[in-house]
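Same chain, two partners: chain A is paired with chain B first, then with chain C.
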Partner chain A sequence: MRKLFPVLAAVTAIVFATTPFLIANAPYESTMLLIQKIFYYHVPSWVAMYCGLGVCAVGSVLYLFKDSRAGDRYAEAAAELIVVFAGNGLISGPLWARKAWGVWWQWDARLTIALLVWLIFVAYLMVRKYGGPGSEKLAAAVGIFGAAVSPFLYFSVTIWRTIHPPTSVVPDIIENPKGMAAPLLVSMLAFVLLFVLLLNLRVRLAERQDALDDLYLTLED
Partner chain B sequence: MIRRFAIAFTSLLLLAAPVFAQPPAGQSEFVPVNGIPENEKLPAAPLLVVAYAVFLVLMVGYVWTVWRRLSKVEAEMHALEQRTMKGGR
Partner chain C sequence: MLRTALLVLRKDLAIEIKTLEIVTTTLFFAVACVLVFSFAFVREGQAPPDAAPAILWIAVAFSGTLALGRTFERERYSETLRALLLAPSPRPALYVGKLLGIIVLLALDEIILVPLIAFLFAAPMFARPLLLTAFLVCGSVAFAAVGTLFAAMLMRSRTRDVLLPILLYPITVPVIICGVRGTAALLSSPADDATATMWLVILFTMDVVFVTLALWTFEPLMSE
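After this line comes the complex of A and B, so read on.
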């Protein structure tokens, strides 16, 4: 993977470089007009966050039940990226809402659960940093719990009546291209590539931290 | 008695109304439009620019923190290896 890293970085940079042109040329939405263009970075940011939830859940399960250190490294890296991408979504959302709804924030089901998921993963990172010895196992349980909340986040707009646009907006754009599908799909690809790139970078850091810990243990012996 | 009952019943109805009220349904599809009023473009632009700028700052900031932590670990590891080599001699 280390050899592929520069190639992946180059591909991600190229795909990201095309997104501003595609977004600029995308048609305006009839009611939201210019502000709707936040959507092209807002939705992919949550897609990357969901990728993080999947990786964190699988890594945490592997660490808890199989004692896999690699699983723990991936879970920790993914948790950090969940905080970053969900943080971006929680900032870009209110910027859109201010224009579309007239308010920065609404305590409706989708927004509240999104904030809750972000807080769970902030808690995950705090447990790892300040929990002391053995906190990795506790953090893994928090990671699984956080991932378990994700279906409620995804289906919140269909289960409860909220003012947030439903998830059907995305398949509608993809199935009925109106000039909005290309910028959305390319942005999604760019964010997923960026997620994979950052995940690898963060896992590399975790590997080196583990190697350093092992070296300290060897010296103590 | 009937008057009291009527007041209680009306109060109950008034209290129940906001409880059963539902928010308006969200927009279910995006419809493109060709003609855009000029005054509609400007107020949204700063919000849009801030949204994209925040993303850029977040990503650059995150990569910088990972890079800094990685450099710190590598430096610590190098120092430890040097100490081990000196101890071995």
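After this line comes the complex of A and C, so read on.
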């Protein structure tokens, strides 16, 4: 992974650098025109958040049942990234909503539960920071429950009838021949690559910290 | 397995009946919640139409948090939970026992709260008694399932009293949404049974998911 890291960083940088050109050349959406282009960064940051949910849940399960330290490190790193990417989604969303719907915030189901997922993972980080000894296990339970709540988040938009565009908008755009698919897919790729990059960076930092702690312990013995 | 759970429940109830400490304090707190929210919502002698179910579920959630904290504080005192964990009994049975204890406390709360809210807000709480009971049971189970697991885990933590609500509310807000919207559908006239049943199904799904997850994770979580 260490040798791959510069390659991954370079690829992420290149993909990210191409997205503004692709987005600038994408056709205008018929009703929202220029405003709609925030979509190309809004949706991918939720995609990256879903990746984080998956990694955090798997890492938490591995830590809890197999006592895997690596699982714990991945879960922690993923939780931090969930807060970052969901934060990005929660900032870009209201910017878009202000122009498209005329309000900054709308209490529809999907927005509400997106906010809740963000809250759950802020709580996860608080537990890790202030929970004292043994808080890693409690945090793992929070990670598993946080992931268990997320299907309710995903399906909520089909169960409740709301103002938020339904999730099927993404397949619609991919089938749409107007040229919106390429920028969206490249943006998604860029965000997922960024997610993987940051995840590995954060895990590496945690590994170094653990190694340092072990060294201090051996020194004291 | 079930015997152990019932023994834990009996122990909790025996301690509680002796002093009635948790029942009376949380119940009074729930009533205080209802009154505080009444003062916040009521305008010109009238509450907005959906206030009654919202106040009911908020009062249940708040007083439930208090009951969870107190119940496990009692176990922490002289380390009785550690003694329970050392006993040669299956861990999930201990969890079920504690969970049943919390559900009994919530049920006692609700038995007083529902008539009180019906009385204060002129809400037709008893129009659909069976459906309302189903909502209260499913909602309490979902709330208590998450709450018991986290409260048990947090016993070891110094900051447990602030971390419990921080963890519990974001995870149980879907439960409260289902409860409030479903109860509101029951209270509308005529009662909207179809909507209520849909919410009940979602609530029941969450019950199944939360209880299964809690039973599954309780054992590794409580081992040191």
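FYI, the second predicted complex is superposed on the first by the 221 of 221 C-alpha atoms of A that agree within 3 Å, B and C clash if a C-alpha of one lies under 4 Å from a C-alpha of the other, contacts with A are read in each partner's own complex, and residues count from 1 in each chain.
Following the convention adopted for this analysis, a residue touches a chain if its C-beta (ideal position, glycine included) is under 8 Å from a C-beta of that chain, and two chains touch if they have at least 3 such contacts.
Quantities reported herein were computed from a predicted structural model and do not represent experimental measurements.
Within the superposed three-chain model, A:L119 lies in touch with chain C and out of touch with chain B [touch as defined at top]. Contacts of A:L205 after superposition on the shared chain: chain B is touched, whereas chain C is not. Put simply, more of the residues of chain A are touched by B, taking chain B and chain C as the two choices. Look at A:V127: by the touch rule set out above, it reaches chain C but stays clear of chain B. In the superposed model, A:G87 lies in contact with chain B only, and not with chain C.
In the superposition on chain A, A:G146 makes contact with chain C only, not with chain B. Contact with neither chain B nor chain C is seen for A:R69 once the two complexes are overlaid on the shared chain. Common to the chain B-facing and chain C-facing surfaces of chain A is no residue whatsoever.
Of all the residues in chain A, the ones that touch chain B in their complex are 27-39, 41-42, 45, 80, 84, 87-88, 91-92, 95-96, 98-99, 108, 157, 161-166, 168-169, 172-173, 178-180, 194, 198, 201-202, 204-205, 208-209, 211-212, 215-216, 219.
Listing the residues of chain C that touch chain A in their complex gives 146, 149-150, 153-154, 156-159, 163, 166-167, 170-171, 173-174, 177, 198, 202, 206, 209-210, 213, 217, 220-221, 224. By the touch criterion stated above, chain A contacts chain C in their complex at residues 64-65, 112-113, 116, 119-120, 123, 126-127, 130-135, 137-138, 140-142, 144-146, 148-149, 152, 159. Those residues of chain B whose C-beta lies close enough to touch chain A in the complex are 22-34, 36, 40-41, 43-45, 47-48, 50-52, 54-55, 58-59, 62-63, 66, 69-70, 73-74, 76-77, 80-81, 83-84.
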